[in-house]
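Per-chain residue numbering starts at 1, and chain names A, B, C, D and E are given in the order in which the chains are listed.
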Amino acid sequence: MIRARVSGRLWSSRHIGTIPTGALLEVETETGAKLIAFDPLGCAEGEQVLITQGSVAASYFPEKTAPIDALIIGSIDQQTSKAK
Amino acid sequence: MIRARVSGRLWSSRHIGTIPTGALLEVETETGAKLIAFDPLGCAEGEQVLITQGSVAASYFPEKTAPIDALIIGSIDQQTSKAK
Amino acid sequence: MIRARVSGRLWSSRHIGTIPTGALLEVETETGAKLIAFDPLGCAEGEQVLITQGSVAASYFPEKTAPIDALIIGSIDQQTSKAK
Amino acid sequence: MIRARVSGRLWSSRHIGTIPTGALLEVETETGAKLIAFDPLGCAEGEQVLITQGSVAASYFPEKTAPIDALIIGSIDQQTSKAK
Amino acid sequence: MIRARVSGRLWSSRHIGTIPTGALLEVETETGAKLIAFDPLGCAEGEQVLITQGSVAASYFPEKTAPIDALIIGSIDQQTSKAK
């Protein structure tokens, strides 16, 4: 997974029918790259999130053919620390 | 997913039999990289689009073996804004 | 998919048994990266081709376990133009 | 697979329900890139580990839809040497 | 696939149970990147090999959940030449 920060939201009125209903957020990774990820958690601008990518992201959706290759799977707690 | 801009169209008269019928568009990502994506929406030159990649792109097609690893899944609205 | 140019051919006498019979071509992408792709079309040195990657490439083969992660799916026509 | 070094741990109190129970470690690859990987082995800060990525990482989990695209599959022994 | 050169071997005494028995070799790609790949062929230090990556690599193993995302599929012959 990768760590990213929510930087915006994107709307697409004209899209294929299999996109699940929900928010598509723009996130910025630690290297400055930008991705569009599906957000099932209702994340806010500036929030630090955890992103999973590829077919693993699509498998979150009950529909077999959700065309989603990036998914927010968690909001990162601020008090994240060193490994045990 | 990634954001890209349609920059051209590509024709391939000699191809394998499992390519679905439809347009193959050249798109340019925000980093300047170029991809060829299948377009089910009829997008125009210059249009901002949303691209999904990998096996997730192929799963859009009813045929199990569509050799498509990049798919336009939506046209991006101009009034895209900050996250809520 | 990505656009690439055929730059060579590769032979492997000692290989695992599940590689399909056929040509393995070296192709060079627009960024100068080199890949080895399976060629079902009989492409020639210098030809512009379209490459699909990942599990989508393997799904072209009837054998479920073809270890091919890059496949030439078409030869690109010279008169490729702007999007409609 | 890639070689990486454990550099921290991450907590996510608010997350989707399908994340497996266990530690999410931050690892740093040889190129300096940072990834978040699921750790089934109880690795410590500074430990050298082997990471697998993509749908292969998710297939480790009995649940079909674990949203994990990076997995620590082993701790690397110090006396690693040249190939035979 | 990508071309790489065997540069070392890696041992992992503590690992998850689903790693197949066999050698894990370090290989260096043409761009200087290092990967760890499973070697079913018994390749030697310095040997030029062909690597497949992702879920395609895992599908080589009869066990459905082999956590292997890079596999040596062939040793490259020295007299590799231009495409026909």
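Everything that follows uses one rule, which is that a residue touches a chain if its C-beta (ideal position, glycine included) is under 8 Å from a C-beta of that chain, and two chains touch if they have at least 3 such contacts.
Treat the numbers as computed from the prediction; the structure is a model and nothing was measured.
Asker: Can you give the shortest number of steps from chain C to chain E, where adjacent chains in the path must touch?
Answerer: Between chain C and chain E, the shortest chain-hopping route counts 1.
Asker: Express in whole angstrom the distance between the two chain centres, defined as the mean CA positions of chain A and chain D.
Answerer: 19
Asker: Roughly how far is chain B from chain E, going centre to centre by Cα mean, in whole Å?
Answerer: Computed from C-alpha means, the inter-chain centre distance equals 31 Å.
Asker: So which stretches of chain D touch two or more other chains?
Answerer: Expected reply: 54-55, 57.
Asker: In what order do you meet the chains if you trace the ring from chain A in the direction of chain B?
Answerer: A, B, C, E, D
Asker: Give every residue of chain D touching chain E within the complex, in rising order.
Answerer: Against chain E, chain D makes touches at 1-3, 30-31, 40-41, 50, 52-57, 59-60, 71, 73-77, 79-84.
Asker: Once bound in the complex, which stretches of chain D touch chain A?
Answerer: Checking each residue of chain D against chain A gives 6-16, 18-19, 23-26, 33-37, 42-47, 54-55, 57-58, 64-70.
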